[in-house]
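Residue numbering begins at 1 within each chain, and the chains themselves are lettered A, B, C and D in the order written.
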Amino acid sequence: MNDNDKELLAKSLAALQIPKTHVTVGLSNLIASNKDVRSLLIHRRLPDSGWSDHEIQWFLYTVATLDTNLKTPISSKIMTTSSNSSSVRWCGVGEREGRVYSNLVAQRHFGLSHGVGRSGDITEPQPKAVGSSVLAKLTLLMVMDGVRRGSGLHAQTAAAHGILLPLCTGMSMALVLSSLRESGATSCSNTKERDVVLWSRIDQKSCFKAVTAAGLTCVVVPTARNGDCVVTDMDAMCAAIKQYKGRVLAVITTTSCFAPRVPDSVDEVAKLCQEFDVCHVVNNAYGLQCAVTCKRINRACVVGRVDAVVCSTDKNFLVPVGGAIVMSPSDTVIHNIGTMYAGRASASPMVDLFITLLSMGLSGYKKLLEQRQVMLTTFPVRLNQVAEKYGERMLACPSNSISFGITVDGLARPRRRDEDENDYLQAVEKDISRFGAMLFSRCVSGTRIVPRCVTNTIGGQEFLGFGSSCDDYPHAYMTAACAIGVGPDEIDEFLVRLDKTFKEFKKKQ
Amino acid sequence: MNDNDKELLAKSLAALQIPKTHVTVGLSNLIASNKDVRSLLIHRRLPDSGWSDHEIQWFLYTVATLDTNLKTPISSKIMTTSSNSSSVRWCGVGEREGRVYSNLVAQRHFGLSHGVGRSGDITEPQPKAVGSSVLAKLTLLMVMDGVRRGSGLHAQTAAAHGILLPLCTGMSMALVLSSLRESGATSCSNTKERDVVLWSRIDQKSCFKAVTAAGLTCVVVPTARNGDCVVTDMDAMCAAIKQYKGRVLAVITTTSCFAPRVPDSVDEVAKLCQEFDVCHVVNNAYGLQCAVTCKRINRACVVGRVDAVVCSTDKNFLVPVGGAIVMSPSDTVIHNIGTMYAGRASASPMVDLFITLLSMGLSGYKKLLEQRQVMLTTFPVRLNQVAEKYGERMLACPSNSISFGITVDGLARPRRRDEDENDYLQAVEKDISRFGAMLFSRCVSGTRIVPRCVTNTIGGQEFLGFGSSCDDYPHAYMTAACAIGVGPDEIDEFLVRLDKTFKEFKKKQ
Amino acid sequence: MNDNDKELLAKSLAALQIPKTHVTVGLSNLIASNKDVRSLLIHRRLPDSGWSDHEIQWFLYTVATLDTNLKTPISSKIMTTSSNSSSVRWCGVGEREGRVYSNLVAQRHFGLSHGVGRSGDITEPQPKAVGSSVLAKLTLLMVMDGVRRGSGLHAQTAAAHGILLPLCTGMSMALVLSSLRESGATSCSNTKERDVVLWSRIDQKSCFKAVTAAGLTCVVVPTARNGDCVVTDMDAMCAAIKQYKGRVLAVITTTSCFAPRVPDSVDEVAKLCQEFDVCHVVNNAYGLQCAVTCKRINRACVVGRVDAVVCSTDKNFLVPVGGAIVMSPSDTVIHNIGTMYAGRASASPMVDLFITLLSMGLSGYKKLLEQRQVMLTTFPVRLNQVAEKYGERMLACPSNSISFGITVDGLARPRRRDEDENDYLQAVEKDISRFGAMLFSRCVSGTRIVPRCVTNTIGGQEFLGFGSSCDDYPHAYMTAACAIGVGPDEIDEFLVRLDKTFKEFKKKQ
Amino acid sequence: MNDNDKELLAKSLAALQIPKTHVTVGLSNLIASNKDVRSLLIHRRLPDSGWSDHEIQWFLYTVATLDTNLKTPISSKIMTTSSNSSSVRWCGVGEREGRVYSNLVAQRHFGLSHGVGRSGDITEPQPKAVGSSVLAKLTLLMVMDGVRRGSGLHAQTAAAHGILLPLCTGMSMALVLSSLRESGATSCSNTKERDVVLWSRIDQKSCFKAVTAAGLTCVVVPTARNGDCVVTDMDAMCAAIKQYKGRVLAVITTTSCFAPRVPDSVDEVAKLCQEFDVCHVVNNAYGLQCAVTCKRINRACVVGRVDAVVCSTDKNFLVPVGGAIVMSPSDTVIHNIGTMYAGRASASPMVDLFITLLSMGLSGYKKLLEQRQVMLTTFPVRLNQVAEKYGERMLACPSNSISFGITVDGLARPRRRDEDENDYLQAVEKDISRFGAMLFSRCVSGTRIVPRCVTNTIGGQEFLGFGSSCDDYPHAYMTAACAIGVGPDEIDEFLVRLDKTFKEFKKKQ
């Protein structure tokens, strides 16, 4: 919108008999919108204030217009237009031309249909889809800015470079590992011989499976206990690195997890990785919401080696499931991940993130982070109060600020004199699980009940005490999270329902 | 979009690492869209080819941005933004600031909320709502263009000037009559004494009521019969004008109606009106789809007097109910209608028409008109075939090309010897009406069954033979329309179901 | 959703291998939604808590399905379906079948296209449009409930009966007056002779024009001044009633207006109307947000006569412009308004209100009212502070709680010695108006600047001192409203900008 | 909707004063919609006729209601609701609760936000997301039905079992290979030693990269030439299997490809794979649109071994990029793919497919397939005509019915006497490529220009004559596709523009 444009528009509106003074005011609105867009294009940062939905849609429609082959959905082609060949602007004679059959589908993607990336690299712009390419680039730049200025991962450390993947955290982890293996990210001569990944135990299936999907062998490094906390066992880690020497491609640590597991000592592991020249990948699935965790990762990048940090977009930015952001101090690592992705991908997770970031703005994102901080000042205390009412207590894991555990040992009935221990344990496990079901049926979602002594097998590997990330945690417990986006009224209600459920359970017992 | 703009955009995209060649192609798409918009703004005519939904939405969002006070819906105001006063671009301290509570509502109006018009004139631009004003003006210009180039009302005659009203045909008629009375459209010195409207009988309630709503007295001028047709009784009309001399404000004729009523002799009436210096308003509710009717109105404007032609937007342009277009050879008449409207009005009917016209383009509109013509070549013949199968026949009303009637006299059972005639007629009326209900329950909508000798009272006035627009039409009959938008498959199905219903009815009898 | 349904759904989901426990939880959600709908259908009241947008849309789609002829938009008919006649469920052979050309249009109306009402009565259900009819009825019931439980108009008084009109306040007023005239609402034998409406002066065009549009003569009854306030002149009113005895159809009073005009003494006028047996219509355009005003109207209904209360939907319920709610203690009055409307009407304003009311719930509506009350505790004080800073002061009109005025006499430069008084006044008027333009260019909308001694002509009638509703108000002044929906941040910003504008204006002077 | 429901609804509508006859008709519409849904739930097949957009949206909103935690988007939480804890139906205290920040995002997903799958298996239903789970299951069942009844892959052969992946073809291929390796799909004792994949050369990057991403080694098996066609070299394939004996995990063949490459002899390869007990994966990216190809795959499953057939959803069903359908004769193979996926995934590609399939119905899908067949009767002939006009000719590859090639040797200028051959070839390559750029700038997308003798390196492997899938194809050529969804007007325009471009190119030369 410049002087010529304004003149033309002003002239047109005058011809429509809109008074000049009105036009001036109207144009000032349009110019204000254009300014926002211009500012986004020039600074390529998360805007300080969020945009309105109106502005976002206007921009999306504009951006989509840049795409080639923005055609009318096939189901809308009326006979009247088909004879009217002058209306064919683009003829598509490829095997994939971004044609969309349904109106509803075209509408929900704002006309974008080409996905993102090319067969060679998921970050590569598509000639047919300039709009999608622009959107993908801007989304990445905005989320990196948000991570730096909002979450606190530094541009000098982990948030130096980044890539958005339309994959969940697990599959992203697989892709990262594959690319590290293929690109010889470690300095050893023959990385193909590096077929082992060391994994500081965290009882969650996706990550373990990711290692296998990448064609690598996962070696589980046991954790240690420190008071109530389940922590990184640095000695075991060191021993494992030495044991698999020459075969270790990478160590995986985890920084967001269910209590009583606490975030891994990423800095200590980072030092070890540097010393032994192996890669270090941090599974930071939903850790961006925690300033302390981000600081710890910053430090790890400074004192040792971190190759990649993998974060979920849905858990951190409140979009539907399906995307991940991978960050790294190294440009090369990020580049290699992009080229490892085989084919084009759905742009949908990026569209969601694009809209959400524009809608939040930096201030909105910060408010969400602050709101969680405010909730944290009372949640653990109040949770503990409910627990104590029923003879239980909170597990003391101060370094996990997202997930909180309370013991539920008292939910187990006493062992009958003549009862076989195994039978007893199984019966008790069932009982305790019922507590979770009761909460769920009262519309409480997200709690986890972990009885003692459950064994689970994943990919042929047996896990004792599954759920607590260590072989024999001395308590049955329940966890609940105080995660980004949770509202005070939800917390209030949760505590009320938890209380009621305890009462009812005890009564039945 | 000019050189400076293109340069800036090109630079920004380059900064996003989009290759130059891609950018060129993308920009060419954007420029093509801009060209369409520019062409619309410069020529202010119905585009020849329709626009895509994508383009229409993009334009709507752009236009709405011109409105002042385009605010985030109230229900979406999150606490985070309220403390952030820098985001308040407009402060509204009037009693009506276009605030919208619900997201869904804001969304369905593309952010437009100020309606159209001002208290002084419904066509007046609003300072706060440049976008809505632009939209209203463009819609009027496009529909007038479509009426001229598509329907065939001439710019030299009835389609010289026009106004869009967010009112149905009836209420528009009331407004037209009020404005004619107030503005002294007739040359007599004291129009306030002109309190009578002559109405060539047409059995439809809205128009009759419209006269009353305007504070005028409706005098029903009877029709005549000519073969099967119910036609204008010119002698009666002439006599009425003379009878109410000095009190007649206007004559209302109707050009779209149910068979066997045929369009009024608007040209003859027009001559009479000119001679006697009274206004002439044509109720052309759904007549724009009929070229013959439009020609007749053109002629009327040439040979005599026509003050206003009132047409429905939904029946002619396939939008939801709620709008009318009033046209006139006289700029003053149109202007006075605009100033008579008391207050601002819903922009929704205009938004619908705006979208629809852009979506159709002139070619799409013409195709719809042609498609109806094609259907007309067989519909009456086939309808007659079904009628004859059951001993009925088509009513010969060739000058009504939209509505078609077939006799259904045979549906009446013979009168029993001892039966009172009145009782018989009432019983038969019920029987025949049941035929319509049977069709409806077979999912046929829009047929009308008119038994003989029904009497109805509207506004205190009694109408004998109500439905057929004359006192004693000699047949019971059923009508069906071949209106714009009806598809060949619907017609096929209708004929099949009509046949079945006849068969079933006869069997039961 | 009953046992059979649940069983079928449960069986189907089981066949899809969804575990039974999940199904139970899912069904409980669906049942909760169904409960809300059921509750709405059974109690037909404004729900206490608002519904989510999801729930509202689901219900709208369900309701629209009840409409006959819910067809695929014409522009979406692909060749593939036309040969497939089995898909034709409804064949429409009427002249108006609710066909919609554009997808976008169909979408924004949720498939509803038949409008509301029938030619005989705007409240009559349409056979083809059960969904639209249900929606119209429910919207009316909900808004009446909201008015009673939220605004405080009583079911025993003004809010006994009501009707929704898809017309602005002005046109609704015209319709009310027409229907009062036609239905002989006054007890005199020949209401047709009642052609005069007395109008307690309020300088706003729509209402005055409405009287004319209804074919009636508007007699302006002057106001009186009481301190700063412009109030009802009961003596003048009484005199006028006597003067036009036998010709007075109705008196119009106004209860929401710009300061320094305050709400009319509706109770006193009501007594007078009862005494003299004339109708009394209250223009309560945006008065539902003010509890005091509603109380006053309640009292008027008790102590005297009120025939109708006309309120805007957009100004009171934050929907786009275009609807009104008319209420009356008398069922007959309301019924007659419905039958006076000539034809069917756009359902769009009702859809907006339906969505908005469901979204608000009673609690949301009350919150908005309370929020305004909170703002009222400081707004006048702060406005006065700004005024006093520049030697002006607030006009003391405590009975107008919506609009507030401050003098702006100081904006006028002193008269030059040799200057003609008229020239001076005109020059000063221009100067002062510039103050309003300055505010608007700073993105402040809604203020009104009223210089002294402006004359305006509406419909041939001259108004001295136009704007202040009295001939010679002794101040130039500016008004600003504290209306429903305004946010604290807007008020803050407004006061800042007002201050700046004063400063700048003074400096230039 | 059963008798009780109908009764309640009928009663409620009666209370709203909707006449009984109207209610009956309205209910019949609702019941018809319910029947469609019921039929879908009971038969779980692609409906014969497509659904309307209205019906689809209604069903989507209903399905989404089954999800737990269907919350109002965070940016819409108004202060008014937070104090109203009774409105909290679900409290979410997990680390991921499907919260969505933006309204626009919630809207485009119809409220669904939980994605599909669980960490253990992507096909596993989620307790929190019954709606998403139902949608995923139904989409799979419908697409399998469409593939069987529309495309012609048999339920007895390749289309016995299937899985939908929200991944492109390439990444799906990687996942299939990983799962074959991990699950020991071959009968050999130690599948971990099976690290080689034989790949019948096809010059497309994604598939080659997919092998690497899975941690396997890709061995390129050269193709052979047969006339103009590039075909499977069965001897080379046999030799390769023998050479890598014991290490070969799988052979990959391709059945949809650019001319002059023709579909691989999948039946012959299938026999070989059976004989040597190695897996056989068919890359059938966009082959579902070709009946001949589907037949060939059916046969391959009968005469030999096929483990998996990978197809793109966007290329075959006209949805935006991002999904794949993998089919197999073996339930186990499909199951293992599902469990290999590490984590939950975006549901967006499934939502697109769900909508599209419901919108098409079987008849719509078949119409699209037929329309392509019709176009095929003239496209090659007409393309050849243009080619011959400029001294070129069509490449004779009758077994590729999707992609067609014409020689463009004549676009190369003759070699200058003194010119180095390499320099010449490079210059000529550039020249010829320019032809493609010219077409693109004339808004023709999808053609591929393949000059002779281009070398490309992918993942360290060099490919001579890249583009033609063989080392030294004797022609430079251009390809164009006649793919599903292309319209006759596009083809017409393409041929016109191709002609013009040839003319212009020749002139410049």
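We take it that contacts are C-beta pairs under 8 Å (C-beta built on N, C-alpha and C of every residue); 3 or more make two chains touch, one makes a residue touch a chain.
What you see is a predicted model; the values in this text were computed from it and never measured.
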Partner chains that chain C and chain D have in common: A, B
Maximum centroid distance from chain B, chain identifier (CA atoms): A
Between A-D and B-D, the pair joined by more C-beta contacts: A-D
Euclidean distance of C-alpha centroids - chain A vs chain B, Å: 54
Cα-centroid distance, chain A relative to chain D, in whole angstrom: 27
Cα-centroid distance, chain B relative to chain D, in whole angstrom: 47
Numbers and ranges of chain C residues touching at least 2 other chains: 21, 25, 50, 53, 57, 68, 74-79, 84, 89, 103, 107, 127, 364, 368, 440, 443
Arrangement of touching chains [line / ring / star / complete / other]: complete
Interfacial residue positions of chain B with respect to chain D in the complex: 21, 24-25, 28, 74-79, 103, 107, 437, 440-441, 443
Of chain C, residues touching chain D in the complex: 1-2, 4-5, 8-9, 12-13, 15-19, 21-23, 25-27, 29-30, 32-33, 38, 41-42, 44, 49-50, 52-55, 57-58, 61-62, 64-68, 70-72, 76, 78-81, 84, 86-87, 89, 103, 106-107, 110-111, 125-127, 130-131, 133-134, 137-138, 141, 363-364, 367-368
Touching residues on chain D, where the partner in the complex is chain A: 50, 53, 56-57, 68-69, 74-75, 77, 81-85, 87-105, 108-109, 112-116, 119-120, 127-128, 166-171, 173-175, 178, 181-182, 204-207, 209-210, 212-216, 256, 258, 285-286, 312, 314-315, 317-323, 339-349, 351-352, 355-356, 359-360, 364, 368, 402-403, 440, 443-448, 459, 480-483, 485-494, 497
